[in-house]
């Protein structure tokens, strides 16, 4: 039974993540009064890309060839070590918050190197901006997870999600501030709206897309899928650490089903919020983003100091 | 005891004379007189302690300092016609005032522990100390190279006097060492003097200032 | 912010339905070698289009831009425009290939991974149109890269382009009739 | 068997090996090849013996103290005390010296005709022997002698490549700064001697209660400055980015991997062992210095485009991280929370070991790149991964380890430092807590910025297309170079995977400190590889991460490659850049990469930009012929602290110069006045 739950936990992230992208695109289309593609369109895109040939630039090195696999595998590993639908699986091996942050940093590392590898102007600038943002966002990310960890007394994510953060009312304010800080960092890390427009065509404004301009075929599919996984991971972290209601706390089949359903509902709400933000806000100028990330860092520091 | 006082007075007087004299010739003679006094003091201490080596040292001092050195200097003065090369930084009254101050300092109670090593010849020691200060001042005050050398030699003599009165019956080896270095010193001084003379055309030290970068 | 959302929710749906059987809309001329059915079936679910302006007078561009507004809404068929030819499956080339765009067009063609479809949109792209035989123009797109389909019209209406694209993929009769 | 190895005689054999190596290479200096062989052989033999000796002591666990013969001077006694801490440092020194010597066999070949290999060998052996003595000496004066040997030997190694003018200038700066630091250390030791009556650390340690607290604080400040100069903390770091790049690469690897750690070693010995009942503000000061050093170190590294200066700045950053661990250990020990103090000390020790490994790996691989490219400027590299694939791979592993990416060792020591800071945030209150929060913030940002800096370093050097003709005839480095780098890379992975057992072993070393004898341990190792802190507060396992990671990669590759995508072909085309022809000037350079961060932190880094436009003819000024942009970064420390200091010292020197009036009489009057003053003073 546990093995079954673990396999679900392993495959849940890659399976559900294109759905999030689909939902966000659908809601944005609806808000632009368009009908938009079906929410399963990303699956079709991935399936098509996996069946296409590839054109790879001549001065790409082995890093360009293997980066997509490494980044995708990192998102799988991180997906397996965060609470998705079940809080009782205490994965003490890689479930620590710092392991998650620095594992995602491996993904960012190889993403940026892949961007620089083919020597195009856009790839270079994309990875430079991507690294600048992820460097500045790291402070806010670690501190928001730290606040939640200190409230619940352990840095293991499964332990945090099993002990409700908003349950203890004297820590309510610091949990709230940590949530706001975390949400700002979520938008930064996954390249969503105020930081980077995911479906822009103007190469000069791209941050994340500029890196995958060079990819095609199955490697492009893996890169898209990995960024979708990363989005799901951050949503799952945001949702399950702060609002762990509905997470299964025992191995029972009903608890698991409720957990999965609750997880889906929470993901839908979060994607709705992200789409609403993307439709109501303009993309910030690049040099105003550090101030936003500093705001997130300050929020988390204040939250941290309010705990005692 | 009295005689020692007398000889030391001679040494002190010669140093005062060295300060005042204008002519180099007198300087050489004063130095000879001073060395004579020192040999007398040495003989005096020989009689007291009966140490044969002291006698031998006194003889040596007598030969080198009383005979050789002045002859040497006189020959040097004649060779380079240095009769009047004695010029000083401070004029006479000022030097006298400083001499007075120095001797007062030497005799002051501040330096009492130094001069009171042997409470018996306290006065002798303070006199020797003041002579040391004066000879040091002589070196500073003189412009001519010859009188500076004289200052150093008299300084050396006053040190010997001071050590004898302080009862430091040094071993003969030390005495020999002193004599030996005086001898070497003389050779260097002459070479030094001749070089200065050849290079600057005069024995005036102030011309050395051009050596500065 | 909330007044925007209310306004959005209040405006009626105006996406036009695409019916399979109205003949006059589809105006497509197949040229060059045939695209196998397997490739068409692959692209039916999701088609990435890279629009290349080879010296066009922007008439066809206006129409192509109109394709992604709420009226025609090309996305509902899984067709979306992409930034780089590497991601593209279909190259929509507009305009008579100007002399200095020839090399760039050829490079874009090289950069697009197989299997790919090249569609020349508008009379200029087909054979040079009104600019035919001018010294600054290389003539139609097929003088530079192999072309599979041509959509005549100067410029063709967005509906024609949309239905022609679906026709190319033979997706018209199978695509869900989007009337709601 | 252990007793024989861990005995004074074997320690003498260790020193003998290095001295014979030094003497021999001097004798053979006429013939380069034999001098190189001789010095490398003895260096390798010496470091192997050092490894054996250190591990024997570490395993047997009993300290070793003895006096090596009688000393001519009363205060100096050649007393040596090798406890677990100094054994650990001997282990690090000999480990890195081993790989640097192996690297040196191949690397020194390119000095053959230019310089005298004998002298290189001589100073190299003296340098290592000096370091070994520094960590074992237990008498103040003997320690200072060893310290001086180490500094002077490393000075001669820094100026070894003397044809290059600024190497000599860097060497001079290094010499001046180290000796300023040594002056502070001597002052501290003199104060200690004044109040405890002896220079022996044991005696000082037992008599530490006699030292009044105000004197103890001055001793703390003096030794902090003194050892801080050697460790390269922020205000005193300006010699480090100048001196380390100047030295030959295997020497700069040894210097920045191990030599700056001797400063940290003495800080640990002094603050945690000898001057033990320490007030709280000591730890907070060390924490603050660590935080500023790590943050500013990585920011300055980002502005660099000289690869070795970049690595030197990263040494400052990592020393900052080690000081964070040390600072929290000091604060906890002065507040009586011994288990927490033990945890943070273990974090500091683990990061010292890790930093020695991956920093020397980075310096060696950078050295082999410079060896091929004959320049240190990263803007002229580019595309080297196709010409030097193995060196690129080892540099990649080094940069992953230094930016604390999980499977490698950098992550686990930074993880431990984070845990100690988190425990501090929980356990402390009021002002101390704020210092811990800011320190944790600084560490978080340092991690992110270090990652950015190493993406820049690796990307600008190895990826994309060559930006200068020199790249095309760069060849892969020879076998000894690759062997040394390969071994270090493997070590950094091994220390990452087995971080659990290594941390527990370091904890036994931590327990050898007198104050931690009875401290209960917060670290536990359930299931043999899961390193847990404080019964479940935090746990991580390097092994499990790597296994899960490799399994995930194989599944992904298998599924994508075979199940879905059998018949797809890969076509090699040109990089897409909207159709124009791509020149190598269009790709991103190191300065371009870091420019956005430099602009974001412009308050701290003060970037300067200069435009120069050259027109076809000056009057009309319409047709610009060429436009040059000069991007610079002003060194704040140089401008606001060292240059004014230099000016003050220069004017003072100017005044004292006119004492030199050239007149003998004045000189003698000075003597006379001095005589009088002394007489008056003494009587």
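Each chain gets a letter, A, B, C and D, in the order it is written, and its residues are counted from 1.
Just so we're on the same page, contacts are C-beta pairs under 8 Å (C-beta built on N, C-alpha and C of every residue); 3 or more make two chains touch, one makes a residue touch a chain.
Remember, it's a predicted structure, so these values are computed and weren't measured experimentally.
K.L.:
Once you count every C-beta pair in contact for both, which comes out on top, C-D or B-D?
P.N.:
Spelling it out, more C-beta pairs touch across B-D than across the other pair.
K.L.:
Averaging over Cα atoms per chain, report the distance between chain A and chain B in Å.
P.N.:
Averaging C-alpha atoms per chain gives centres 96 Å apart.
K.L.:
Taking each chain's centre as the mean position of its Cα atoms, how many Å separate chain C from chain D?
P.N.:
Roughly 60 Å separates the two chain centres.
K.L.:
Per the centroid of Cα atoms for each chain, what is the distance between chain B and chain D, given in Å?
P.N.:
Computed from C-alpha means, the inter-chain centre distance equals 63 Å.
K.L.:
I'd like to verify one number: the distance from the centre of chain A to the centre of chain C, where each centre is the average of its C-alpha atoms, in whole angstrom.
P.N.:
34
K.L.:
Indicate the residues of chain C shared as contacts by at least two other chains.
P.N.:
Chain C, residues with two or more chain partners: 84, 86, 110-111, 113-114.
K.L.:
Counting only residues that touch at least two other chains, what does the list for chain D look like?
P.N.:
Residues 569, 571, 573-574, 576, 578 of chain D touch two or more partner chains.
K.L.:
Can you pull out the residues of chain A that are in contact with at least two other chains?
P.N.:
51-55, 203, 213-214, 217
K.L.:
Who touches whom among the chains?
P.N.:
A-C, A-D, B-D, C-D
K.L.:
Per the contact definition, I'd like the list of chain D residues that touch chain C in the complex.
P.N.:
Residues 569, 571, 573-574, 576, 578-580.
K.L.:
How about chain B: which of its residues touch chain D in the complex?
P.N.:
Interface residues on chain B, with respect to chain D: 89, 105, 110-114, 133, 136-137, 139-143, 148, 205-206, 208-212.
K.L.:
Okay, in this complex, where on chain A does chain D touch?
P.N.:
Listed in rising order, the residues are 50-59, 61-63, 69-70, 72-74, 76-77, 80-81, 92-96, 98-99, 102-103, 105-106, 108-109, 112-113, 116-125, 127-129, 131-132, 134-139, 141-143, 146, 149-150, 153-156, 159, 203, 213-214, 217-218, 222, 286-287, 290, 297, 301, 304-305, 308.
K.L.:
In the complex of these two chains, what residues of chain D are touching chain A?
P.N.:
Against chain A, the touching part of chain D is residues 382-383, 385-386, 389, 392, 396, 400, 403-406, 411, 415, 418-419, 422, 425-426, 429, 433-434, 437, 440-441, 444-445, 447-449, 451-452, 454-456, 458-460, 462-465, 526, 530, 532, 536-541, 544-545, 548-549, 552-553, 555-557, 560, 564-565, 568-578, 582, 584, 586-588, 592-597, 599-600.
K.L.:
Residue numbers of chain D touching chain B in their complex, please.
P.N.:
For this pair, the touching residues of chain D are 660-665, 668-669, 671-672, 675-676, 679-680, 683.
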